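Naming follows writing order (A, B, C and D), and every chain is counted from residue 1.
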Amino acid sequence: MSKYQHIKESAYAANMQLPKLGLVLFTFGNVSAADRELGVFAIKPSGVPYEDLSPEKMVIVDFDGNTIEGDLRPSSDTKTHAVLYKHWEHINGIVHTHSTYATSWAQSQRCIPIFGTTHADHLTTDVPCAPPMHDSMIEGDYEYQTGFQIMDCFKEQGLDYREVEMVLVGNHAPFTWGKTAEKAVYNSAVLEAVAQMAYLTEQINNNAPRLKDSLIKKHFMRKHGPDSYYGQ
Amino acid sequence: MSKYQHIKESAYAANMQLPKLGLVLFTFGNVSAADRELGVFAIKPSGVPYEDLSPEKMVIVDFDGNTIEGDLRPSSDTKTHAVLYKHWEHINGIVHTHSTYATSWAQSQRCIPIFGTTHADHLTTDVPCAPPMHDSMIEGDYEYQTGFQIMDCFKEQGLDYREVEMVLVGNHAPFTWGKTAEKAVYNSAVLEAVAQMAYLTEQINNNAPRLKDSLIKKHFMRKHGPDSYYGQ
Amino acid sequence: MSKYQHIKESAYAANMQLPKLGLVLFTFGNVSAADRELGVFAIKPSGVPYEDLSPEKMVIVDFDGNTIEGDLRPSSDTKTHAVLYKHWEHINGIVHTHSTYATSWAQSQRCIPIFGTTHADHLTTDVPCAPPMHDSMIEGDYEYQTGFQIMDCFKEQGLDYREVEMVLVGNHAPFTWGKTAEKAVYNSAVLEAVAQMAYLTEQINNNAPRLKDSLIKKHFMRKHGPDSYYGQ
Amino acid sequence: MSKYQHIKESAYAANMQLPKLGLVLFTFGNVSAADRELGVFAIKPSGVPYEDLSPEKMVIVDFDGNTIEGDLRPSSDTKTHAVLYKHWEHINGIVHTHSTYATSWAQSQRCIPIFGTTHADHLTTDVPCAPPMHDSMIEGDYEYQTGFQIMDCFKEQGLDYREVEMVLVGNHAPFTWGKTAEKAVYNSAVLEAVAQMAYLTEQINNNAPRLKDSLIKKHFMRKHGPDSYYGQ
């Protein structure tokens, strides 16, 4: 048995959640799961339908994007995953989807305003939207540069990837991450719900105000603060 | 067997209706069922996925918010339930969800206008939206204060909680209630349908008039008046 | 066995299609099936959940609205069905729902413009919307008057109920009908699809033109004309 | 066994994908599969519900629209399929649906702007919308002329049917095609997703810019170019 079996299982299980949660059409999405000690991650093979996946088909890749184990070609977004794992050392799972509402915000090139407590339960800022890349980045190593575009966006907006676990890439689609692949998938589903409700909120009231700071802080802290009292 | 077994069963069954009716994502919702004679209610434990619930996992809490029986921590919204049970003596079930359309209206900080008979079959007024709380309330005992915010809204708008069994908490999400937990869940689903159709109505005709009084009265009375002729 | 068994079976089967087609929440809808020779129709009992229905629970009512057979109270909309059967002698099935998009158009008090061939495949005019009733009609025999409100609308707009098998009742919801209960249910589903696409069409292009006459005629005739060539 | 069995099987399987993918209501859609050597295609019979289909019920038609084999009448859109097969020699599968979002764009008589990479992964231009036909074409051999209307639109917009495998027919609905019937169905589902997201994108930002050329080229080439690196 491969010494990577545990992350293959974990990546497989997380990938299979995407169609269940209604976040992907055909093969438009991928999840990876990393093992920091081994310095690699397991990721979905490119273009393989979810119903044909198995843990054995996951591809093992190192943080420079080199394939270490596996017969299939890894997801075409693999280098974006690799860059994020290499520079953001506290994450062990990454998800990319083209989910309907989050992708529509990305295409709109707008950050998702924080309108309510569903959003504040998960992050204290608007969901950031990275601008489309410069042509030089696109023509170069595109997926590699996508990773840097995301990190640049976080730097410019003064965000911490450990607190804000999601981003929209302008004109493209969302990426989410977390301490585990499972948590990254959870974040993708939360993002989609938040994106849909923000869209509806503006349709219902085009002057809807952002959530006020006291409520943002309260909701985030009760779920994530030192005295959090949500969950078991 | 616990002497609270009947409300545990009832709270469990009602909680399990939420995902079935499409009203919750993950654990974003909770239902409680009260026994007025025993002076307690059974409520969903915090952060436990619906598929892992059982009647035994329900937590028994008194109307001051003290846990009476149960190994798990009760829903983080427990104090809101407790306040409402304590002050509104004719309700025995309460539901809180972040359902898509109702939450979007709450985020919009608007009451839902009464546009049609689907709405009038259930209440004769707009669905009230309580304003966001003052910072002092938020920083204090937040969930406890949420209950008072709801009651204040009813006082200010001159509403009777026995006739209007639902409210939006501004920037947050809906609460519904009723004579039983089952009825409170029913009200949550009705609210979500009414919220979606009111949104669509305004999109189709942004001058859509509210329902006229004679129709409001007729529809409500045929379902709820002394000579009601709906149902068996 | 009841001599009405055949229409009970037919009304039961047609009612069970409503939740399957996503046209009803809880008990917000009803179907009836008539036998012209016997001068009666079978209709859903009021307020009974679909999962508890059976052919035996259908109620037999004559065209004046009198219950002829059955232990349960018939749908609260029964008199509307009776009036339509009495005056429109070529229909043998009627459906009433509060389906999401059709009801939103009814609440908007707008006819649904004929924007495309999906619509023209089924009727050559806008879907008519009857105005809300006068207070005197509402305070009188409401459901009975609803039937007349529908017929008045057809008279005023010069429509033939054999060609236009659907109507929106302003502020209320849709009614559809047909030569059989099954056809009436089919029309309800078509109306909901047409209502959703007309809503989207106006959102995408708020100057979208109505379908031109030559296309309206072509599509309707190829499905319904003397030389129709749709179907077997 | 019929010498056309292979395309009957293929057309049957592809037709059965339409309801599974949520692209059709009742019988509002059809798929055909061609064999170039035999000079024929297999197509869904007209008006037969999907649950009653079988490979044997598929109808064999030649590229002039003549029925070659089969007891049932072929789809009323058969001549449109025939014209496209006759003139576009590299396609072996065609799909026609009235899917919700694509049809709403067709009714709006607008091309679908290319807003993001989901779109660019499949085509490098807006999704073309052919204008409604002249009355003379409608009154003549309508379905035959629909084929020419589609080809004229491609000529006028300078499009290549091998690169752009989808079109909206104004006021009507979409057609898609591909090297196989399966690929044509895939294109129908992609079109519907792209249509929904383009609609939402404009709602969220009514000044949303089209995707820039460098990104269009990059995404299309990585999936379809000589050095493509998507898939296995």
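The definition used in the following text is that contacts are C-beta pairs under 8 Å (C-beta built on N, C-alpha and C of every residue); 3 or more make two chains touch, one makes a residue touch a chain.
None of these values were measured; they are calculated from a predicted model.
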item	value
Fraction-based call for subunit B against subunit A, same above half, different below	different
Distance between the centres, which are taken as Cα means, of subunit D and subunit B, whole angstrom	46
Rounded Å distance, subunit C centre to subunit D centre (Cα mean)	33
Shared-contact residues (touching 2 or more other chains) in subunit C	203
Topology of the chain contact graph, where touching chains are joined (line, ring, star, complete, other)	ring
Which pairs of chains touch, using the document's own definition	A-B, A-D, B-C, C-D
Residues of subunit C that touch subunit B when the two form their complex	25-26, 28, 45-48, 72-73, 76, 98, 100-101, 103-110, 132-133, 135, 138-139, 142, 171-173, 199, 202-203
Residue numbers on subunit D that touch subunit A, as the complex places them	115-118, 186, 189-190, 193, 196-198, 200-201, 203-205, 208-209, 211-212, 214-215, 218, 222-223, 229-232
